[in-house]
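Two complexes follow with chain A in common, the first pairing it with chain B and the second with chain C.
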Partner chain A sequence: MARITLEHLRHAYGPNPASPQDYALREVNHSWDDGGAYALLGPSGCGKTTLLNIISGLVRPSEGRILFDGQDVTQFSTEQRNIAQVFQFPVVYDTMTVYDNLAFPLRNRGLSEDVVNKRVPEILDMLELTSRARKKARGLTADLKQKISLGRGLVRSDVNAILFDEPLTVIDPHMKWVLRSQLKRLHRQSGFTMVYVTHDQTEALTFADKVVVMYNGEIVQIGTPAELFERPKHTFVGYFIGSPGMNVFPVAIEGSKARVGGMDIELGYAPAVSANQKTELGIRPEFMELSRSGMPVRIRKVEDIGRLKIVRAEFAGQPVSITLPEDTEIPAEPHVVFRDNGIHIYADSWRVGREA
Partner chain B sequence: MDKTWNNKAWFMVLPAFLVVAFSAVIPLMTVVNYSVQDTFGNNEFFWAGTDWFKDILDSDRFWGALWRNLAFSVIILAIEIPLGVFIALNMPRRGIGVPFCLVTMAMPLLIPWNVVGTIWQLITRSDIGLFGYGLTQIGIPFNAAGDPLHAWITVIVMDVWHWTSLVVLLAYAGLVSIPDAYYQAARIDGASRWSVFRYIQLPKMKRVLLIAVLLRFMDSFMIYTEPFVVTGGGPGTSTTFLSIDLVKMAVGQFDLGPAAAMSIIYFLIILLLSWVFYTVMTSSDATN
Partner chain C sequence: MLELIGVTKTVGGQTHIHPTDLALERGSLNVLLGPTLSGKTTLMRLMAGLEKPTTGEVHFDGKNVTGVPVQKRNVAMVYQQFINYPSMTVYENIASPLKVSGESPDVIDREVKRAAELMRLTPYLDRQPLSLSGGQQQRTALARAIVKKASLVLLDEPLANLDYKLREELREELPKIFSASGSIFVYATTEPSEALLLGGNTATLHEGRVSQFGRTISVYRHPRDLVTARTFADPPLNTVPAVKHGAAFMLGDAGVDGASRLPVPAHLATIQDGPLTLAFQPHHLSLSEPFAGAPRLPVTTQISEIAGSESFVHVTHGNSRWVMLAHGVCDLDPAMQVDVSVDIRHLMAFGEDGKALAQVPAEEPARAR
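Up next, the complex of A and B:
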């Protein structure tokens, strides 16, 4: 177990990277606390897997250092780093039995059969694979295979960290939920540092204490699920987290006033934006209300999703989503109201705070 | 649901049926016809029954050729399969080395068989051949035309040179189809080089290797051209394999009856061995 520090990591797959676009990973500075449960969230191709493979040593970074408890491990091999990793697509050794599959990482490290016979049945039991232990690991369904892959990641008791690369992609929804709770429980029991890569916000928000959001090869925000929801630091976070995502409008800032769709909104503070920056106003659908007064809005469609209604509307010439409690009446001539605490101002996509 | 019966569909299989009939069935029936009769030319035939079959199965000449041929097949398989796998494992997976290696590997396969024979006939000659002359100069008198062991070494080295590439290409195709995730997982699991081969690469290559074994066995069991050019089946009968013997009998001696009987026995042996291979391959699939 270790605290993992990433210092100025950059990585490009091609040789001689020139522009920032050549980098799969642009610049990452971050520390994973010992024993933390982290989710690495972001869209496909944002560099999540690259970052994970750099931590486990499968990929050498083009620039920067990785430290485990202060020791530089950048040049260490995967074995020397002692990291467990579970991949998106299941890997099983199908000429071995299920039991031998789980014993494989232990035996490769020369552990005695006593240790193997103690450790493997525990993991088999946790993954409900005990009844198959002595069968060959071939011809299994995708989720059984992935359970075996997970098992091989969890079986070692001395690892520095366990990395999960979208491990539940191929697993059916019910089993997903079960396995996720088991992982969470295992984290509490074992205290391993766990990094869980996913593009599914529900998975990220339920698994992790802290969520790291990546976009375009950079970490854009690190925070608790509540922080990501309430104060998205980047318009991408606002858009990616929450369903539906944050509404973002182009806005003109004049002192403490924001002009959007021909209406002025009083912000109560003057955001520090310079004239040549692209300024936007972001507001989550949960912080908007429909009433008889306010700014005019045209309603396109109302989706009833049970507890909530999602109103798809048009405001200031662009689509907007508004969520309302189920029993809310929609006024005949609807107007939209923004609640003060939900308004965020972004300059070149980054949040400009009250404090700035 | 009622099916509509339409016998016109038989016309659809007619072209394929005709091709197979003229290329395989009719020639085979001709051979069967020859094998049970005797002829002295002039299109006169006398019924011989199973006499030719008895003659062949009683002759040392046939059994000698059969054992030589089996020994040859076993030896070249024992060399070409491991060597081919070894080369495939060491070939680059990506980069500019890939086309270079593939073309180099494919080269021997593209050379006509009699040319391969001629190349090796020349190279092993002790008077002008690089290999034969070189060995003779360093004190090992090499003579493929006179010494049976040297003749065997020559045909085996030639076959390995000619056909190992096929095994390499098949094994390589099996190797490149293994997703990177397997190698990554093996590194995470701390697997040794040998474990990676034993538990990942070999199982994934199993199917193509079975095909490679089958192809190489069939080809080597039918081998004719190259040894015919290099050694002519000699010295004596030491490199006379089944095909060479058959041609000697049919064309050289014009013994059509015994040659036809031998062809049929030869055919049945190949059929039997193919069936064994097929059974082994499908049964290994069934357990998957």
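Up next, the complex of A and C:
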């Protein structure tokens, strides 16, 4: 297991990058703890796969160094880095049994059958594949094959890190619940350093102690799931984490007030913003309440999605979403109240907090 | 209207679709919900005329179209894998069905631009599909299906390969686009939450059988049997074997004699005493009190899954494994003993045959919207 240090990394796929837009990965300078569970979360094209490929050695960064426990591995091949990888699509040998597939990474490294016979049954048991151990992999469903791929990634106990690249893409939702919980449990049991790339917030937030949110080739926030939900540092984090995402609309900041469409929202502090910055207010749908008093709001549509209602509304001319619990009545003359702890002010998309 | 009348499909002695009756109205959105291999794709292929039913008939607007091949029917399909013409621009891709049907250049231009606007593709009309993101490619395929003005549009897990944020946005937009078109939309998905976000009607599928068909929210709230309730639950439905004894349900598996019980709520008061299965959704189990005096049960926490706005906490009660929904980020440590409340107002009860007890009459499928 290793501590992973990313030292002033930058990467451009084209030659002679000039502006920040030319970089698929803009400056990354971080250190990840030994034994930590990290998720790289972001939409397609955000740079998360580039960063993962730099860690695994598939891509050499244009600038900067990567260190495992202080040792520079920037020029090392994937094999020299001694890492295990699990990909989006299953990598299994169809002609081998499930057991032999799991044993392969161990035998390939010349480990004794004693080790194989101890380790493989543990993994089979964990993935609930014991009853299929002697079956050939051919003919198994995609999600069973992917379970084998996961098992192959987990079977070695001497790796520096395990990297997962959207490993649950092909798995049925019913099975995803099981695998997500198993991966989390496994991390707690094993103490491996794990890096998990995904565009799925549930996978990232469930799996990781620290989630690295990426946007446009940049890391916009590294935080615990609670930090990302409760205090998004960038409007993109507010939008990307949570369903529906955070409501964000332009406001004018006047002292400790945010003004929008003739309404004043008292903030309780004066955000440090300058006149030439784009200022916005962000509030998550969960922190808005419909009531009989408060600020007027116009309801356009109510979506009943079972466990909650999503109210699509217009507040001060801005579209907003408000979520309400299942049995909530919608008042006839609806007004909206913002819960204080849910209000965030952003200047040029970055949060200007009370503490700033 | 599209009708399946006693349709079955058997392949090599194996039944893929059991006798199925379905009537889908014009302008309606119909979700086929079920896990992989439950028969969704086969059912769609039967609707499209890509497959001929083994027995039964397919009618369209009252006309028997059984065995009429797909080329002779006005059907559009969108698959999980994005399918576009790689050498054509986005504009030409969207325009292609209109060209085939011989529309005038004016009409083509108007329709292509309208569909592009709906699918937010306007800036990319001159690009080739392969230079676009997955989401944009799939929106191109969707736009092509929409301009075709097909009487039947079949969408087979069309959003499965997209980022969830994009899925979230398209799910919100698609019902609007559908209701504006007047076609019959059939949308296959493995995800209950997707069915709920889309609304419309839902047919739940299990092992080649439609277990229930009705308004989506109604099927979710009032499943007629345990199979439907389970199909329509993600995370998995919470269940517990119990015995009704007068005004109480004795939860059968807690291992402590009679210590674990729930009061019988009003809507289940008329069912007979005896063994049954109780079921409830994750959001009906909570750390807070959903209503004054809500009964509480002791559980042991296992693991918490965090979905951004909400968290799913896995717990055990006796031999039962349940999932509890908590608001915001809730990461409880494993192996804690906590008391959680059960919102018994939404409790479901199923008999030993799996049928719902104390049935609530389900709402009919929605007609033209």
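What we mean here is this: the second predicted complex is superposed on the first by the 336 of 356 C-alpha atoms of A that agree within 3 Å, B and C clash if a C-alpha of one lies under 4 Å from a C-alpha of the other, contacts with A are read in each partner's own complex, and residues count from 1 in each chain.
As a working rule, contacts are C-beta pairs under 8 Å (C-beta built on N, C-alpha and C of every residue); 3 or more make two chains touch, one makes a residue touch a chain.
None of the values given here were measured: they were computed from a predicted structure.
Contacts of A:F249 after superposition: neither chain B nor chain C is touched. After overlaying the two complexes on the shared chain, residue contacts for A:E79 are found with chain B alone; chain C is out of touch.
Shared-chain residue A:P225: touches chain C; no touch with chain B. By the document's definition of touching, of the two partners only chain C reaches A:F240; chain B does not.
Contacts of A:T202 after superposition on the shared chain: chain C is touched, whereas chain B is not.
Judged by the number of chain A residues each one touches, C leads among chain B and chain C.
Residue contacts after overlaying the shared chain place A:D304 against chain C, while chain B stays out of touching range. In the overlay built on the shared chain, the residue A:F87 is in contact with chain B alone; chain C does not reach it. Annotation: chain A has no residue touching chain B in one complex and chain C in the other.
Across the complex, chain C meets chain A through its residues 35-37, 133-135, 161, 163-166, 168, 190-193, 196-197, 199, 217, 220-221, 234-236, 281-283, 290, 302-309, 314, 323, 325, 327-329, 331, 345-346. Touching chain C in their complex are the following residues of chain A: 43-45, 141, 143, 169, 172-174, 177, 180-181, 184-185, 199-202, 205-206, 224-226, 229-230, 239-245, 284-286, 303-308, 323, 326-327. On chain B, the positions that touch chain A within their shared complex are 179, 181-182, 184-185, 187-192, 195, 199-200, 203, 288. The residues of chain A lying in touch with chain B in their complex are 53, 56-58, 77-79, 83-85, 87-89, 91, 93-96, 104-105, 108-109, 138-139, 149, 152-153.
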